[in-house]
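Here the structure is laid out as structure tokens; the discussion comes afterwards.
Order as written gives the chain letters A, B, C, D and E; numbering starts at 1 within each chain.
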Amino acid sequence: MEIFLQQLVNSLSVASVIILIGIGITLIFGLTGIINFAHGEFLMIGGMTTWLVVSNGGGFIIGLVAAVLFVGLLGFVLERGLFRLTLDRPMNGFIISLGLIVVLQHFVIRFWNSYQKSIPEPLSGVWEIGGVQIIVMRAVVVLITAVVVAITFFGISRSRYGLALRASVADQETASLMGVPVRRYITGVFIYGSMLAGLGGALMIALFPITPFIGSTIVVRGFAVALIGGLGNVAGAVVAGLVLGLMDGLSAGYGLPEWTEAYSFALMILILLLRPNGLLGGTAGPRAV
Amino acid sequence: MKFWQFCAIAGSALFAASAQPAAADDDTIKIGVVAAQTGAFVSAGNTIGAGVTLAVKEINDAGGVKIGGKSRKIQLENRDDRTDVNVAIAAGRELVNDIGVAALYGTESHDFSVSMTKITGPAKVLQFTGNSSLGAILTKESVAPGAPLHYTFQSEPPEFQRSGSTARGVLKLLGKEIGAPLKNAVVFVADDATGQYLSEHYVKALEANGQHVDLIKYPPNTTDFTPLLTRAKGLNPDTVHFWYNGDVTLVAFPQAVQLKVAKGYFLFGVDPGVWADRKLVSTAPVTLSCVPMCWGAPPTPEAKAYFDRYFAAGAVKGVQSSVSLLYYDYMHWYAKAIEESGSTDPDTVVAQIEKMKYQGVVSKAPLYFDNRHRVSFATEVCLVKPNTSDQFECAVEEPPTEPPAGDNGG
Amino acid sequence: MSNSETMVDTAPAPATPESEVKVAAGAHLTLVERLIMPTILIVVLFGLPWFHPGYRLLSLATSTGVSAIALYGLAILVGQAGIMSVGHAALMGVGAYTGAILSRDLGMNLWTALPFAAIFSALAAGLVGLPSLRVGGHHFVIITFAFCGLLAIVLTNGGAFTGAASGLDIGAIAPLFGVSFGKLQNVYLLVAFFVLASIALTWLVMVSRYGRTLRSIRENEKLASALGIDVRFHKIVAFMLSGAFAGVAGILQVYFLQHISPELFGAFPSVYIALMVMLGGPRMLYGPLAGALIVTFLPEVLNLDPIDARIAYGIGLIAVILLLPGGVMAGLASLYRTLRSKVARA
Amino acid sequence: MSLLEVANVDTAYGAVAVNRDVSLSVAEGEIATILGPNGAGKSTLMRAICGLLKPKRGRIMLDGHDVTGLPPDRLAKLGVVMVPEGRRIFADLTVRENLRLGAYSREDQGEVEADIGRMESYFSILADKRSAKGGELSGGQQQMLAIARGLMARPRLLLLDEPSLGLSPLMVREVQSVIIDVRKNFGAAVLLVEQNAGLALSVAARGYLMQSGKIVLASAIADLRDSTLMRELYLGGGKRPPIKSRDVETL
Amino acid sequence: MSALEISGLRKTFGGVVALDGVDLSIDLDEILGIVGPNGSGKTTLFNVVTGALKPTAGSVRWRGENIAGLPAHQIARKGLVRTFQQAMSFPALSVRENILIAHEHGAASVNGKSMSPSDILHFVGLKGREEEIAGSMPFGNLRRLGVALALAARPALLLLDEPAAGLNDGETEQLAEIILQLPGRGIGVCLIDHDMNLIASICRRLVVLNFGVKIAEGPPNKVLNDKKVVEVYLGAPT
């Protein structure tokens, strides 16, 4: 029982990072139809930013804020400079994002080599509750994610801006007729999604060392979450992130660990085939190219 | 029309430029290195070139290789394989067929090394390469004269030897520190070529030392080990053994300590030097081992002197830095084999190496290749004193001569 | 939208001035112009060994050629049928493993196993395409990507049958009609022959009824099916044909390297294949070859710093997609047409 | 001065021209209509007026200010709101959310709730279904919601594109009375595009007849109803309307 | 028995009834016009008959065989070929390729006098434009190409969905001439259009749909003066 509880607790922290990535992907993909595979690289850049700040004597909090702001800025620049030009041809946006992966990875390697980077654990310590070890930093990561998800969720379901965002995901043209500046929302979503990825990167490097190649493994999870949860559906992304995190944790804990990654791939393929709109329903998928 | 004309001209110019045949130079012996200087394997790749470079510099500074009263300098050709098999093969082709090297060092990866042997073999170029997993293809028959792998030499000992000496040393040091008999062990190993290969032997070695062993394979890009570690914890292990990539091991280990998975730990590929450099501290007893020995705690004065020279030359203090020592020794050994046989003819040199015992810096005992072209040397295992980052207790474990029961010897 | 009658009313009226009407690209080329590229291609492709290019270049040219074969397969899919896949390395993997396993278990050589490699890869493509091609562009792309990841895991954990993570070894290419393939030149010429065959086959597809059928699906699925074209069937067949190319490339790769392992066929090699096709120009006959040359051959020949080369390549790709959406070759072709018409006018 | 003034507007989709030299006006508080067969270019003109499509030529003026080429969200702020063809209700949003969204562009967000109350009291069906998803409403209910959603912006000009499309005769009659009330109760001018001439003729004061992208007749509604041109366009018979053949290449 | 016999055809989208028990028959020597206001179910009728949509109920018998629910390409191969309001061509391909595609597929057997692609281009007036890229052509030519594509598919029955929409008078007349010649070539025509003059001048028989229900059928002059039809279009007299 202890072991099972421990597995549940373990799963949460990785699920957190996946959820942070997945929310950005689901919103960007849902709103623009662009499959931004470089979103994982945004996370990597966030982690690297934190690492740079911390290794130059800044605190973790400063590093985290810097990561969020810098990656947000990066998202803004890339949306305005590149992705905006492909809004009418999302498949080109996808190809560009593949090019961006190459550029961003090698840019980091160019200046800071390809070795893995780590920072000292910002908070050390372990709480033990009934035999279950709760690592403090992991708990903090889960807490920060929970707060961010709650804010995002509240903003999207309750605020006027969230309403306009949901409407834009469903039908950009009609939303614009209602006075919603859809283009600005696209930029906003890119910035917000990037900031979440930056945050994810900062939280990730607080837990594990990261390399310039981390993006590709995480982005597949992000897309799995976005597609399983339903495009544009934040609640769906959160649920799917938890499901995927738990599935990872439990299959590693009780199944054949070397097949762990296969489970999420298989689940993603199945959902795409059987429920193309996702388990919790989202947009019918972006318009065809 | 213009563009195609330009293409044709540019194309033929390009080919003409690249077509210059390599000028034969009788005064030098050409040696090649193919290893990753960029890409995912960079931390392993860099050390190969660094070790060989140091040895070549020493040989040349001493006047070169002496054959029949004449000295020949060594000309070193270093190539980056970019962690890409096609680039590695092309580099191998260039070194072997275009430049005409007499010996090739590298690569760091099992796959690349195997493909490379298909180039070096027919060209009769000596290849010092790869890790213990090459043992899967090196057999008495395949290394015999005229056989495809006659010129291939494995840089690490047979896996049963390394596993055997490591297991014995680890259990000894940990048993003493923990003070209770060690019974249950869990082995963590990457689910890749090297990991799959060596786990077979290490499990057998632990069992031969009276352990009950559970094996857990992790996908190579795992960062969060907690689900696997929690699973391990459920098995109530006394010891947990992390193989084999030092970087990954250092990710997994702190998570294990936080989860209180076992009483003691073993980390392969983490050098005490790295431990000290990064000011790591552990509350639980932990042992480290490196191939072929640890640069953070060199067991002999010769080895210490080597690492001082090595790092003075600007090499990186990484988890795999000590691997350079192997290639350093093989370079010197190769030069010595030429001098002793008085010939650069590959068949003569191979025959010479096969019968030689070479006293290098890798170990106290002389090195030799067995009848499957696998080297033998001891393993150094160090215990980190709990709650310290620079107190180590190290021991050199000699390899077992026979594989344990159920182990095919690798 | 469920009912097409609720679409906006469309009242387009004539407007395109006669001067803006575009004419098919190859319409007015002379015979000489049509023969220039094939001639250059054949001369350079088969003449290369006589330039004494050195083994490194020849080796690079061989691996470039192997990937070019797979690129042609993908180009038929993307360029003609309009279906994007980022799972092509996996299909190469099926071909490569077919070759290696048939050699190990049945003692078959390259020549006897080649058709099986092509067929098995095609079947694998059919198996993936059958359920997934109906879910549409974006989802299909992601499914192919996931399929690639899955295959790598299956191969890694396939035990002795797939050689697990260490992969499989294979002997050299067996002599054919007395020609031995012990020398790299001959291996290169063999691959060059297959490259030429791929180009020729692609050309045949492009100019044939079949190519037109695929293009009609790319251009307008609804209209195509109203004209009697079984869209789903042809999409799957196109994916299978594309898979057969990848299978041939895969078996050539395993015989070139004489060793394979799962890592060669994962998601990232797939992405690179897709990028090379898009860079070169998926609809152009020489686009895939150009893509392969630019990405795998050029940086090595020019001895660019690998990191800088990758950055330059990424930026170049983005620039091409934004400025020349048809790829480098399409850009060159239109440049040629412009120059040509200027010359003709002068 | 008219509220809306469309002057010599040409529109096109890409290279394909739709409207040619269209001029029309709508006065403050007036109901005007554009009639014409399917394919005449009515909806395209509406898209140009509300900012979804940039005119190729000509000007669109609001209160005498040039608003040509402004995006739809800016025009919504200025009081020009379109109720699109096919209703385009947000199916996953509730009825109340659809209404609130209609008020997105308003500065006085404080009064939005009060306005939702007004809409609910006028369109009683919306009060009954306030928490239902938009997609759960029937066609007629959706049309009411679409109009109410448009009115939530407190528009000065409401563009209605085919509001009777696909509705039963009973619902069409209801839409008819709502359009009249839009002007009376909510003070907005209406520009109505209808294929259902019966509906359009019964609510509008003035009408424009459009064919092949051009306005071929502009008159008071009574004259329009009795014109033979109108009858011929809808029901055929007689000679083709005298339209100048355009400069198109012949066979 | 007529070549195409539709009976009790019904199509619903969720709760919306698009076609409500439509009965219809068409012979191959006639031009049938189908009219009705927007949203009355005309295009849905075409979609169901040609297999783009599956009917909810009812039967579509083509030469005695029930083809309801067959996939679109199979129906096309049986000689029932349609055009679309939009999406009339393969835009990035040349006119030649467009016409070849239709010619190479289409109906399996030859119906009536089969025309060669070149004949068809001549017939619709696109001769000499073979190398032009379809998507860059003027609209009128694009409409002609749409008809040409359908003809190249060797139809026995041609279903034309608003072929005159967006055409000017001259072009419409030219189109009418083309359509009028089809029954003589053994090709039946079923025509949806809003141009009542066109319909009245070339159709012998007219069917009026409203809310998915057939409300009138008969010769044009009779149907267009039918009280119910006038009411649908111009509203009840007030």
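Criterion: a contact is a pair of C-beta atoms (placed from the backbone, for glycine too) under 8 Å apart; a residue touches a chain by one contact, two chains touch by 3 or more.
Computed from a prediction, not measured in an experiment: that's the story for all the values here.
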Chain whose mean Cα position lies farthest from subunit C: D
Pair exhibiting more inter-chain C-beta contacts, D-E or C-E: C-E
Most distant chain from subunit A by Cα centroid: E
Intercentroid distance (Cα basis), subunit E paired with subunit C, Å: 40
Whole-Å gap between the CA centroids of subunit B and subunit E: 75
Cα-centroid distance, subunit A relative to subunit D, in whole angstrom: 42
Averaged-CA centre spacing for the pair subunit C and subunit A, given as whole angstrom: 32
Per-residue overlap in subunit D, given as positions that touch at least 2 other chains: 15-18, 38-39, 165-166, 212-213, 246, 248-249
Sequence positions of subunit C contacting 2 or more other chains: 3, 6-7, 9-16, 18, 20, 153, 156-157, 307
Sites on subunit B at which at least two other chains make contact: 38-39, 191, 219
Touching residues on subunit A, where the partner in the complex is subunit D: 160, 163-164, 166-167, 170-171, 173-183, 281
Residue ranges of subunit A touching subunit B (in the complex, touch as defined): 3, 6-7, 10-11, 13-14, 109, 113-116, 121, 126, 133, 135, 204, 207-210, 213-214, 217, 248-250, 252-254, 257-258, 260-261
Interfacial residue positions of subunit A with respect to subunit C in the complex: 33, 35, 37, 82, 85-86, 89-92, 94-96, 98-103, 105-107, 109-110, 216, 220, 223-224, 227, 256, 258-259, 261-262, 265-266, 268-269, 272-273, 276, 285-286, 288-289
Residues of subunit E touching subunit D in the complex: 15-16, 37-39, 125, 136, 138-140, 162, 165-171, 174, 194-197, 199-200, 211, 220-221, 224-225, 229-236, 238
Subunit C contact footprint on subunit B (complex, rising order): 1-4, 7-8, 11-12, 14-16, 18-19, 21, 38-39, 80, 82, 85-87, 89-94, 96-98, 110-111, 114-115, 118, 122, 133, 136-137, 191-193, 195-197, 219
